[in-house]
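First chain written, first letter: the chains are A, B, C and D, and each begins at residue 1.
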Amino acid sequence: MDEPGERRLKVAVVGASGYTGSELVRILLGHPQAEFALLTAGSNAGRCFSELHPQFRGVVDTVLADNTALADAELDYIFLALPHRVSMDFVAGHDLERTPVIDLSGDFRLADAATYEDWYEHAHSCPALLDSAAYGMSELNRERIRDARLVANPGCYPTSAILPLTPLLSAGLIETVGIIIDSKSGVSGAGNKPKPNLHFPQLHGNFSAYGLATHRHTPEIEQALGRAAGGDVALQFTPHLLPVSRGILSTIYARPKHGVDQQAIDDALAEAYSTEQFIRLRKAPPSLADVRGSNFCDIHAKLDGRSGNLIIVSAIDNLVKGAAGQAVQNMNIMAGLPEGSGLGQVALSP
Amino acid sequence: MDEPGERRLKVAVVGASGYTGSELVRILLGHPQAEFALLTAGSNAGRCFSELHPQFRGVVDTVLADNTALADAELDYIFLALPHRVSMDFVAGHDLERTPVIDLSGDFRLADAATYEDWYEHAHSCPALLDSAAYGMSELNRERIRDARLVANPGCYPTSAILPLTPLLSAGLIETVGIIIDSKSGVSGAGNKPKPNLHFPQLHGNFSAYGLATHRHTPEIEQALGRAAGGDVALQFTPHLLPVSRGILSTIYARPKHGVDQQAIDDALAEAYSTEQFIRLRKAPPSLADVRGSNFCDIHAKLDGRSGNLIIVSAIDNLVKGAAGQAVQNMNIMAGLPEGSGLGQVALSP
Amino acid sequence: MDEPGERRLKVAVVGASGYTGSELVRILLGHPQAEFALLTAGSNAGRCFSELHPQFRGVVDTVLADNTALADAELDYIFLALPHRVSMDFVAGHDLERTPVIDLSGDFRLADAATYEDWYEHAHSCPALLDSAAYGMSELNRERIRDARLVANPGCYPTSAILPLTPLLSAGLIETVGIIIDSKSGVSGAGNKPKPNLHFPQLHGNFSAYGLATHRHTPEIEQALGRAAGGDVALQFTPHLLPVSRGILSTIYARPKHGVDQQAIDDALAEAYSTEQFIRLRKAPPSLADVRGSNFCDIHAKLDGRSGNLIIVSAIDNLVKGAAGQAVQNMNIMAGLPEGSGLGQVALSP
Amino acid sequence: MDEPGERRLKVAVVGASGYTGSELVRILLGHPQAEFALLTAGSNAGRCFSELHPQFRGVVDTVLADNTALADAELDYIFLALPHRVSMDFVAGHDLERTPVIDLSGDFRLADAATYEDWYEHAHSCPALLDSAAYGMSELNRERIRDARLVANPGCYPTSAILPLTPLLSAGLIETVGIIIDSKSGVSGAGNKPKPNLHFPQLHGNFSAYGLATHRHTPEIEQALGRAAGGDVALQFTPHLLPVSRGILSTIYARPKHGVDQQAIDDALAEAYSTEQFIRLRKAPPSLADVRGSNFCDIHAKLDGRSGNLIIVSAIDNLVKGAAGQAVQNMNIMAGLPEGSGLGQVALSP
C-alpha cells in the first residue's frame, strides 16, 4: 500500500512474546509506511511468532530472533516490549545514536532516580539517561518526542488519568490536592505469564482492588500532573482488576476551584483536545467497548452541582492507547509521518 | 429439620418472578424455622415458579398466585419483592397490624417524603408510614427492626457503604465532607427485565459508569451516614456496571480527622463488628468471589500514610446481603430467631 | 489511500442499526477501494449512526436515512443487513439491474421455495428470484458470485460447516449419512434486540443448546453439502449459545469411507484451500480468539484411528467471515477487486 | 442441627488446597450428620484453609495438616481430593479396613490395569485393588457402593454421559456403535494450578476443543456403557473448554434401534430416574445455570424424526455432581444416611 519509491520504515519489536509485543505487530501490519524487520524474544527465541500468537498463523510466521540479531539489523526504530529492569539494562547497552528507542516499560518514565528506587525497589542502572528520555504522552509532549532518541512510553493507567486531568490543571481549574483516581483494568495489563491470581476461575465473575496505596503508576501520574500544575500534586490512585481482557476505565474525582463551572471545564478540554484525532470528548460516560482495539481515549467530565465535585470518566484500550498504539503514534511523530498512520481502526464492538 | 412441636413461620414472597424473589425462595428453602406459604406474581400469576426459574424444577413447582390470594392466607411475614412505587401502593392497601411487611423496594427507606419525591420523581402515596418504617440495616438498627411492622430493607449499594462507614462516623474518626463512594455492581442488581443496555453482547467484556450524580441510592446513604455522624454528610456516589451477574464492590475514600491512625480505624471497626456473624474485617482487600451467594459483608480499611486518605473496600452479594439475605436476617430479628437462621452458606467459589 | 484517478465504489448499508450493519461499516472504513455512501435504518432513521454505535463517535457521525433515500442514490452495491422476510420484500421492490444486492438474511439462500416455507414458516414473496441468486460462499462459488446481481450471503453456522466439509464430500472421502455438526456461537449472532434469554445475567457463566432439530440453518447446510456430494446429505445440526460476544466454533463428526486415511483428508483440504487467503488449515484445533474480528476460517481435521471417526473443528467470527466480512469479500469478487481488499485484519487477541 | 445423642460422622479431606477439596468442605459444612475432622494438604500444610480459600474466612480457619496426621485421627471416612497417581500411592499405603476411602481421582475407575496404563501412560501401583473398588455412580451402583471400602468417584465428564445413556443401553433402545459425546466444561475442571492455557486473557471470550480422541475419560465412559449394554461400546468423546468457572454440558448423539420412538426413550429414562432425587428429566434442554452449585444432573432427550438421531443434552456442576457432591452422596449411601443429606442446595442463579 505504500507509494512507489517511498521507503518503508524498518522497525524491531524486542520482546515479541508478550501481549504488548503481539499488539505492536498487529498494528504495524496495517501501517502504510512502516514494517517490522525483526522480532526478538528471550526464552522463546527460535520459536515461530505465530506459534505463540496463533491469530497470526499464515500472516506472520516469522521466527523470533534473539537480541543479538539487533546488532546486524538496519533499523529505523526499536520498540522495547520488555519487563521493567530488563528494559533499562537493554538501553544501557544500546547505542541510541544509532537507533532511537521507544521503551514501553516503566524504566524511563520517572525523571528522578530516587523516586524510581522508592517505588520499583531497586536501583536504576542508567540514571544519566533519565533526563534525555521524552515522556511519550503523544498529545501533550509532541515537541520533545519529535526530537528524542529515547521515548518512555506512558503506563496504561497513567494515560487514562493524565490526558483528562492535564488541561484542567494547566488552566488552574481544579485543586491540586484531593484528586482521586479509581481505575479498573482488564487482565491483559498484567501480562501473559500465568499466576494464581490471574487463573481463569479466580477472575471469572470476580472483581477486586489491588495495590492499594502502593501501585507504581502513582508517582508517574503525580509527576505528569505536577508538571501541568506547576507544583506538587497529591493524589490517590487505586487500581482494580476487571474480569475482561482489555481496557481501562478510570473514574476520577477532583475539586473545582471556586467559581469554576461546567462550561469552564468543557472549554478547557475542548481547547486542548477538540482537534485531536484520538481524543474524543463525550457527552455521556464512555464504556470500554467504545475503545476496545482502538487508539482512542474517550473522556466525559461532569460537574456535580450538588456535591461540588468534578467527576471524570475516561476509557482507553490498555494495549493500544495504553501501550502499543501510543508507541506507534510516537514513532509517527518522531518520523514526521501523519500521526494517525496505522492507527485508524475503530473499536471491535460488540 | 424443625424440632417436633415447633411451628414454622409461614411467609409470602410477593413478586416472585424477579431475581430478588427467587433468591428469597432459595434462602427460605434452607431455613429451619420458616417456609414460604405463598408465592405471588403480577403478569406471571398462574405460571409455575420453576418455569420462570428452572433451577427450582422438581423442588419448587408451586404455581404463582396473584396478590388477591394474600387476603385468605395465614401469614407471619410478607416479603415485598416489587418495583418501587408498586411497593408503596401495596403497603398503602395492606393491614400492617395483621401481617408485618419487609419491603425490598426503595419506597420506605427515605424518612422524608420531599427527598423521596426529589430523587424518585413522583409523589409518595403513603408518607404517613415513613416514620414508622424501620430501616433494615440489621447490624445497625436491631432494636427498631425487632418491633417494626414495616421494615424498609436497605438498597444493595447503600449496604456496602453504610456498614463500613457508620462506625467511623459514629466515633468521629473521619470527616463528614469529601466522602467518595465508587461502587461496582453485577448486572442482577438491574433486575431481570431485558433492556438494550443489559443485552449480553453490550456488557460482555465491557464496563461503564452510569447514573453519575443522580443515583437514588445517594440520599439513602446520606441519610444513614447523617444519623451516624449526628449531622449532615455530603458524599459522592458513582455506580458502575460490572460484567458479572452478582456482587457489589465499593471502594470508598474518606479523610481521617487529625491524629487518627490505622489503629484507631481498626479498633472502631472491631468494636462494632468483631462479634457480628456476617461482617468480616479483612486484612487484605476482599473480592466478589469471597461473598458470592453468601450473606457476608467483607470490609478492608487502609489508611494511606502518604496521601492521608482512608481507603475502604467492601464486598457483598447484591442479591443476598444486599437484598434477600438481609431481608431474611431482618425477619429472624423480628421473630426472635437466631439471626443467622437459614443464612449459613459460604460463597460459591470458584 | 486510493490511487489518484481511481473511482471508489459507492455502497449502501441497508439496516445499519444492527450488529451486522455496524460490522459492515467497520470493514468498509478500512477498504481502499470502497466507501459507504448511504446508511439506512427503519425505526432508527434520523438518528446518528454513532449514537447507536458509540465506538464510531467522531469517525462515522452520519445520520441514518430511511430507505426512500436509496431511490436517488448513485450506488454500486447494496448490502442488506435486514431480518429475513423484510429482506425479500425489499428485494421484491428493488431493481436489481440498476444495483446489485448482497443480502445477508436467509431469504435467498435456499433454492427451493417449498423448503423455505417449511423451515421459515411463511411463504416466499419472490420465489422467481431464487434461481438467479448466487450462494455467496466465496471460496466455493466464485464464478457464480462474479456475475450475480443478487448474492445470498451464507449463514454464520453454515459457513463454519460447509467450508470444511465440501472438499471432503466432493472428493468422496466421507459418507453422506451420519454427519453431525455440533456448533457453538457467540451471542451477537442472535442480534442486538434485547430478549429474556439474551439478558446478561441469564447468559453470564451459562451455556445451553437451543433449536434442537429445528434450526433454519439445517437445510442451508444440507443444500450446499448435497451439491458437493452430488446427492442427498442427511445431517444433524445442533446450535449452542456461548457466553461470549463473537465467534462460532463447530465440532463436526463424519465417517470416512473405507480406506480413507489422515493423509487423504489432509490432501483434499490442502488442494482446496492451501492457496486461499482466508482459510487456514491448522495442525491443532483452533480457538475463537484466533479468528475474532478477522475474516479467517480456521480448520483442523483429525481422523481418530481408534473410533474410525473424522473430527473436524472449525472457527470463524460470526460477524465477519460469517456475515459482513464474507459480504465484502463477495463484493470484491463482483467488482473485480483483489478479494482480500479491506479484509486484512488479524484477530484482536487477547 | 444433629439430634441429641446421634454421633456425627468424622471425615477427612485429603488434598484440601484444590477446588474439589474446598467444595467438599463447603458441602460438609451444611451436612447435618457429618463434619470434617481433618483437612490435609501437601505443600500447603501449615497454612490456614481460609487463607487459600478466602470465602471461608471466619468460618473454616482450620490449619491444614500434613498427611501424617491421618495416622492418629479417628475417622469414619476419608475423601481423597488428590491428583491421579498421588491418589493410588496414598491408597497403597493406607489400611482400607480401618477407614474406607472415597477417591475422587481417576486411579481406581478403570477395572483393567492395562487400560489404565494405556490412557494414563504409567503403570498402576496397586492393581490388586481395582477389583474391589466400587465405581461410585451413585444412582447406578448403590449396592456395590454401600459395602465398599474403596469407592472410585466418577469423573465429571463421565457422570454427564453415563447417567443419560445407561438406561437406554440397558433397555437395548440405542445402538452400541456411533455414540458421540460432545462435552463442554467450565475451567474449574482443570484444577487451580495456573497454566498458560488457563490464563484469564487466553480464555475470556474464547472457546476451544482439546484432547481430541485422547482424553482419559473415554475409557471410563466406555467401560460403564459397556457394562450397561452387556458388550463393547465404541464412542467418540470430545471435550471443550468453556469460558465459565463451573459446569459441564454434554450434547450426545446416538442411533435409536429400529422401531424405537420418543415414548420408548422417555419411558426408559422415567423408569430409571423418576424417583431419583438428583436427576431431573427435563422437557426442554437444560442450561448450566440450572445446576450450578447443586448436585442435580438435568437430562433432556429428543428424538429427531427427520434425521433419526437421538439427541441428549445433560447438565451438571462439575465440582458437585461431577465430584464433591457425588462423593458425599456416596458417603451417605455407605453410612446408611438419607442419600440427599447435605446436598439440598438448588443452583445459585443468576
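Keep this in mind: a residue touches a chain if its C-beta (ideal position, glycine included) is under 8 Å from a C-beta of that chain, and two chains touch if they have at least 3 such contacts.
For clarity, every value in this text was computed on a predicted model and none was experimentally measured.
Trainee: Farthest chain from chain C, comparing Cα centres?
Mentor: Chain centre farthest from chain C's centre: B.
Trainee: If I rank B-D and B-C by number of C-beta contact pairs, which comes first?
Mentor: Of the two interfaces, B-D and B-C, more C-beta pairs touch across B-D.
Trainee: With chain centres defined as C-alpha means, what is the inter-centre distance between chain B and chain C in Å?
Mentor: Chain centres of chain B and chain C, defined by C-alpha means, are spaced 46 Å apart.
Trainee: So, what's the distance in Å between the C-alpha centres of chain D and chain C?
Mentor: Here chain C and chain D have centroids separated by 40 Å.
Trainee: Between chain B and chain D, what is the separation of their C-alpha centroids in Å?
Mentor: Once rounded, the distance between the two centres reads 36 Å.
Trainee: At which residue positions does chain A touch at least two other chains?
Mentor: Residues 19, 188, 192, 201-202, 204-205, 243-246, 286-287, 289, 292, 350.
Trainee: Could you pull out which chain D residues touch chain A in their complex?
Mentor: It comes out as residues 19, 186-188, 192-196, 198-205, 243-245.
Trainee: For the complex, give me every residue of chain A touching chain C.
Mentor: Residues 1, 19, 22, 26, 29-30, 32, 53-60, 188, 192, 204-205, 245-246, 280, 282, 286-287, 289-294, 298, 344-350.
Trainee: What residues on chain B touch chain A, complex-wise?
Mentor: 178, 180, 182, 184, 201-202, 204-210, 212-213, 234-236, 238, 240, 242-247, 249, 251, 253, 285-289, 292, 302, 304, 306-307, 309, 311, 313, 350
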